[in-house]
Structures are given as structure tokens and as C-alpha cells.
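This report refers to the structure that appears directly beneath it.
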């Protein structure tokens, strides 16, 4: 409990137990601001809109970066309030490198780059889109996200094997299809990487219709691949089902609350 | 047990235990009438049919609204027969605001709007389609519907995170695709909202084929998105599987019947 | 044990315990014959092949019908050997009405219809395709088929609700899409039944690309529908997963063999 | 422990317990070499690249085959070090016929065929693609692959029935569609095998859009087939879910390590 302001800020921004009722309003304000930011970046790419409201978009960007910068600085400052972080510079650096703080940094840094480095126009446009990374800041506000990381970690080997099987299937399917079709349709199946585009769009059952076989053998192969595509959906669904069932059993057993600092998991 | 007619109506319309054998006939009649209404609205949009049988459709509409209005009034009247509803005006209003009663009201109200308010032709057509909401009246006749609400409520956080992940994926995919393709195909990927149409149709593996990338980087990105689309199916399937398995365990334990009033859950 | 021939035939055709080693050969011969029949019907629709080998196809058809007729008669004759069937005419008729015997009858009856009734050419072609029903005869040779019926029966209410939800979604989606698009694309979204074709092809994520919205509101609606299409896959997958898990638990408990007559379940 | 070199090679190549730290480097080198080989075959089909770097590709191929041949010979030589293999020629032949050793042989044999047999150009191109089979060598490095074989073996009957149901559905759907559409679209639905291409692409929800019905009855049938396609995804997903859940229970019980020789399972 160092200073009063610092403690108040800690309660407003980082306190998990919600001891300050105003913390909910801060949280709601930040979530709405993030959503408006994402909306702004999306709408700004519609040229007629961005021309008309050019100044509004610019002002809103300045306003948002100001808020997010203050928020980032405040979080960095108050982090020593949380017991699980060691004090001193070491604890502060460790906190700054936690995933949530890096996301917060990524949310503001694109704004400052053009002031620090000379950038050309194309890179500038890429930077403007990087502002969309602000959406990741929302991850801070959901506890359920970690369920997914737990389930994926539980089943990471099986998922990796399923991914490996998918990769082998893609390679074999696209090389066979290249062999069967590249004389009939040299523009579409001109090389294995070309055929791989077809293979992915078929195995994932998207099927745009810009590339499909026309020879008998090609169609037979495509049929087999499309049927195996069913397995490509059923396999991860089955693995994740078992993972979520196991997670349910695990959660029943351990129910003591964890008291780690937010942003450190 | 106030009046005899009221009690008979209660047994015919609302009694869950089926003490009156005629209740099954009332139920069957109402279900068939609802299905015929839905069919009528659908068929009425085929212009040659609606011209030929104009009078038949109008008469059937008058007949249906009459029946449904009587049914609504009767349900409102007899609701005091059910013990779980408090008596008096308070209980009656509480019953009128239950989901099933609101659906019943929505089923008849579009018919009366043109008599109460001046409406133009476009709104009239919208009102005509609103009659399709009558299909929701069927929800009353299935006890299994609540299984889904229970399972979704059990897993609502995980489903929300999956939805949130989907939203982030859509935003990132469409902004990247806009970046890669909007010079090659300005008509199709002219802004992020345009690219979002492509992203949704790809992630859900629908793949109409009206929008797909043609550049190398765009195709690489589309491949990654299509593969992640598999996860977008496997994740909710896994969550719901675990939910239905848990529901099965829950149901084994608690088996005492609930005696709440129909329409109040 | 009436006559020796009858008992031998029973051992060859119907005996589940495989006491006669020749029964495996009879079974293999019948399975191959069924598969060749299916192949013949399929290949016969390719006009150049059917012209060239016209006599071969006809001879094979006569040969197959002869075998299947003898098989049907034999099964009907020997059914009294199985204890679980009551003797006499009653038991025989009950056996003839069992699903497997009806399938066997359907496999041969299309051949005899033209001899019994005057048929025109179009009906004759339909009859020729009905020979494909012979493929259902294969069902006799798999014990695992009943697993599916058990699982579906376990979960029939939930599956019915999922189907009901799908139907409501289809009706609402297609009527809204008709409302939004039928002025922009009167040929494709000219009536609700037309829009329903689009809705089914979208909700099932097939996405041929012959019908898709072009207006802003239409695309927004299609996006929502496509996303709900994910649920339409996840829901039955989740229900069936829980069903198969429950079936696994059930099977662990009851393990005594059933001694019913084949074809009676 | 016969010779020192033989034992060292055994520790480097086959030892599961990782007693030699250099084994990890050998393993990493081989995995990278396999991945580069796959990449080389894929890139070689892009004509402009293969023309420019013709000598590089050839040198890399010679180098890879040399390494893989030495690896194969070494594995065959050291296999007697593993206790679970019987000694002598019998054990050696048994080892050579294990799946992993056959894959290793398939990875090098395409290179030697043109030296042993006279081959024409088309067969030569097929042989070049056969080099892609080297990717299967990676299977040696993943223990999780056997999980899938176990789960599939657990549920092989149910999966077979699902596959059988799919086959029957395909046959019935394509013959009905042939019946309804072959007059309206003789080029696309000209025979049952043609209609089968449509049926597979629809049932797997790929939906290229090169073949779809245009008649009323055809569209109705396609709608039914597309809806059944949902079941075709839900069924294997449900079966595999139950399989993975059962596998999780099985694994909890048995946890003693197996000491079989690598490549013999």
C-alpha cells in the first residue's frame, strides 16, 4: 500500500476481486473504446466514408492512443501492488514481458513508429492495419480463454498428429492431382503448389469452384480426397470432445482459487 | 377450480398431465393449423399461385387469426388455474410476459397492426412475412427444447470464447486479405467489410465462389483461414459434446418431476 | 430338424453360429453377386457400354434374379428351423414381414412387375433403377448396423429438436432473404421456395455458387446464416457423441448373448 | 553388445531411451533432410525454377539418396542389437518387413529403378513423384500416431457401418438424381457415374458448383442429400469422440511401458 493514487489505480485496473465498484465502469469504458477502435479501422478502409469523416477518424485515433498509452503506463506503474510479482526493476520487467502487457504495447506502438523511423507509404498502410491488434486487448477481460489453452495442451500431441496427417494428405493429394490433371488443365494444375491450392480448398470442403478436376482419374481422386475431408473434420472434433470431457472431470477435482498476478499466466 | 368452462379449457390447453383425452385432439389441431399457416405464407410468395387462390388464402388467414386469437385469450383467462402462478392481476401479467405467451401474441399481432396504424406497402409486406413467426408456437409442444437451453447455459462461457475467437479471426483474416488483394481485385476486396464477406463464406466452408484470392500471398492466407475453419467446426462440436455428456450425467441424478406452470421457464 | 436338406440350407443361409464352414462361401458368393448387381445397374446407364454389352447385361440380370429368387424362397422355407419363430403359417408370415425379408423381396420384385402389369417406358426405367435396392441386402451381413439405431433411438428427442430448429431456421432465413433480395435478383430469389434452395445449400455449407446475395442486407443475413450453419453441424455431432459414449457405458453392463432369429429385430 | 561401431549406430538411430545425446542431432538432421526432400519434389514441378536450378536439384537428390541408403543399411545391420528381435537371418528379415523399414525402402527404391529396368518417360515422371513417399519416413518420429490406430481399431465396425451407409446413400442419391436431371442436363447428369461425382461433392459439402440440379424434383432431392450430409459429418465425429473418450479411460488403467523393438508394432 504505497501511495493512495497508486492503490486506487491498482483497484481500478488490475484488481481481480472487484473491491472497487468503479472498476466495472473503467472496464466497460475500455472494452467499448477497443470495439470502437476496431470498427474505426474497418470502416476507414471504405474510401467514401474515410474521405468524408477524415478529421473525425484522426481525432478519435489521437484520443484512443492517448487513453491506451496512459492505461499502459498506469498498468506498468501499479504492478508492484500485486504480491505475486517480485518488487524492484526485475519484477517490473517480468511484468512488462507478460503476454497481456505485450499485447497492450502492440496496441499503441504502431502509432509511434512513424515518429521514430522514416517509413514509406506501403508500410504506413500496413501499420494502420496493425491497429486492429487492439482487439487482442479484449482477451484480458475473459477468464474462459484459458480453458482452450488447457484443452489444447492436454491434447497437443494428438492434434499435432492430426495436423501432420493433414499435411501428408495434402502433399500426396496435390502431387497425384498434378500428375492426372496438369495436361488437361495446365493453367490450374500447372505445378504441385498450384494443385495444393485445389487440395486445401477441397479438403476443407470450402470448394470455391475455381479449380476442380475434369478427367476421370482426377475426379476419382477428388472424390476420395473429399471423403477423407470428412475425417479431417471428425478427427479434431473427436479429439477436442474428449479433451473438453476430460477438462470437465479435472475441474470437478481441483477447485481452490489461484492467486497469481493478472497477466502472468 | 372456479368455473366449469374455465377448468375444461385449462385441461384442454395447458394441462401437462393429460388428464383430459380430448386435449390431444386440440393439440393436434393447433399443430396442423400452425404448419398450414407456415405453408400458406411460403406458397403465397409464388405469384402465379397467390393470384389464382387469392380468396382462399385470405379466408384461411381470417380463420387462422380467429382461432389463434381465441386461443390466446383462453390461455390468458385460464392461467389462474395453475397453482404455480400467483392469483390476481400480477400473476396474469407475469403469465402474459412469459416467452410462450409473447410468441403467441407475436403470432396474431401482425394481423391487427394495419387496422391500428397507417402502414405503407413495403411495411405491409414485412408484416405479411412476420406471420411466419407463428412457427415458433410449435416450441410449446416440445419438452426437449429445454435440453438445448440447459446445455448452452452449461457451456455459455466456452461458447462465448469460441465466438469471440471466431470474431477476431474474421477481423484479422479480412484485413490481411484486404491488404493482399485489394489492388488485384478492387471490386471484390475493395474494403475490409467487402473482404469480411469473403472471410465468413470461407471460414464457414460455404465457398460460393463469388470471391476468392488470386495472388500468391492471398491464396496462402486463404489456405490458412480455410484450415482454421476446420477448428471453427471442431471447437463448438467438442464443447457441445462435453455439454451433452455432462447433461446426461446430471439427468441421471435428479429425477423428481418439476411442477411449474407451462410457459414460465 | 425336419428334413436333411432343409437343415443344411438353414445352416448355409441363416445360422448365426457358423456351424457349417461352407456357410462362409455362400455368404461371400451372395455379397459379391449383390455388389456386381449394383455395379451393373450403374454401368448400364453409360449408353456406349450398355449398347455394346447389351446381351451380357441381360444374361447377368436373369442369372441374378434366379439366384435371389431361390435364396428368397429358401429363406422362407427354412425359417421354421429357428426356435424363436413360432411354427406354422403364422410364424412364416411374421418372418416374411421382417425388415430383412422385405428387403429381399424388394430386390427381386421389380423384375417380375413388367410380366404382371402393363407398364410404359418411363415407369420401366424407374423399375430398372429400383434394382439398386439390392444393395440393401448387404445390411443382413453387418451386426453393427443396430448400434446406430440404438444410438439414434437413445437421442431421438434431441435429434428431433435439432431438426425442428433447422426447419425453423430455414423458414426464417429464406423468407428474410426473399424480402431482401427478390428485387435485386428476381430470377434467383423470386419466391420463398426459391430462397429456400439457397438457404439449404448455405446452411449445409455446400455453397454451389448458383445463388448468393448481392445486396448489403442480404450479405449480412447470409453471414449470420452461414455462421449458424456451424451450429447445425456442431449440434448433431455433440448429441451423437454423447449418444455413442452412453452406448459404450450400456454395452459394458449387459453382455449376455441374444438368441433371436436373424431378421426379426 | 557385439562391436563398438554397431552399438554406437544402434544408440544413434534406434535407441528409444535416448542414452546417447548425439542421437537427437542425428534425428533432427534426418527430419530436416526429409522435409527438404519433400520441398524439393514440390518446387521441382514449377518449371521455371526447375530449369534454373537443374544441377542443384540433381546434386541434392544424389546426396539425399546416399544418406537414406546408408541409413537403411545401418538400420538393417544394427537391428540385432534390440533384444525383442530374434537373432539370425529370420529376425533380420522380420525386421526388414516391418512397416517402418518398408517405408524406408520405398523412400530410396524409386531412385534405383531406372538403373535396373528400362522405363519410359511417363513412368519416369511417376517415379519422380514417388519420392514424395519419403514424407512417410517422418512417421517414425511420432509416438502419438498409434493413438489413432488404436481409436480406429476400437471403433472399426461402427466406422465401417458409417462408410457403408455413406456408400448406399451415394448410390441411391446419384441414381435418383440421374433419373430426375439427365434429360434437363444430359452433359452433367448423363449417367449414374456422372451423377455420382455430383453426389460426392454435395454430400461432403464441398460444392464446387460445376454440377447442380435445376429441376424442381432435383433440387428437392439435392436439399435432402445436403441435409443428410450433415449426418455424414456428425456420425464419424460422434463415433471418434466416443473412441477418444474410451481411449482416455483405457490409458488411465494400463501404464506400464512396453519394451518392443522400434518398428515392429
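To keep things simple, chains are lettered A, B, C and D as they appear, and every chain counts its residues starting from 1.
Going forward, a contact is a pair of C-beta atoms (placed from the backbone, for glycine too) under 8 Å apart; a residue touches a chain by one contact, two chains touch by 3 or more.
Predicted model, so just to flag it, every value in this text is computed and none were measured.
**Q** Where chain A and chain D touch, do the two copies share over half of their residue numbers, giving same, or under half, giving different?
**A** Both copies touch with mostly different residues.
**Q** From the centre of chain A, which other chain's Cα mean sits the farthest off?
**A** Ranked by distance of C-alpha centres from chain A, the top chain is C.
**Q** If you fit chain C onto chain D using the CA atoms, what's the rotation angle, as a multiple of 5 degrees?
**A** Going from chain C to chain D via C-alpha fit gives 90 degrees.
**Q** As a quick test, compute the distance in whole Å between the mean CA positions of chain A and chain D.
**A** Using C-alpha averages as centres, the distance is 31 Å.
**Q** Provide the C-alpha centroid distance between chain B and chain D, rounded to the nearest whole angstrom.
**A** Between these chains, centre-to-centre, one finds 44 Å.
**Q** Which residues of chain D are in contact with two or more other chains?
**A** Counting only residues that touch two or more other chains, chain D contributes 196, 205-209, 233, 237-239, 241, 245.
**Q** Along chain B, where are the residues that touch chain A in the complex?
**A** 157-158, 160-162, 164-165, 168, 171-172, 175-176, 178-179, 190-193, 196, 202, 205-209, 212, 219, 222-223, 226-227, 229-231, 233-235, 237-239, 241-242, 245-246
**Q** How about chain A: which of its residues touch chain B in the complex?
**A** Residues of chain A touching chain B: 38, 41-43, 45-47, 125-126, 129, 132, 135-136, 138, 142-145, 147-148, 151, 166, 196-197, 200-201, 204-210, 232-233, 236-237, 239-241, 243-245, 247-248.
**Q** Using the touch rule from the top, collect the residues of chain D that touch chain B in their complex.
**A** By the definition above, chain D touches chain B via 205-209, 233, 237-238, 241, 245.
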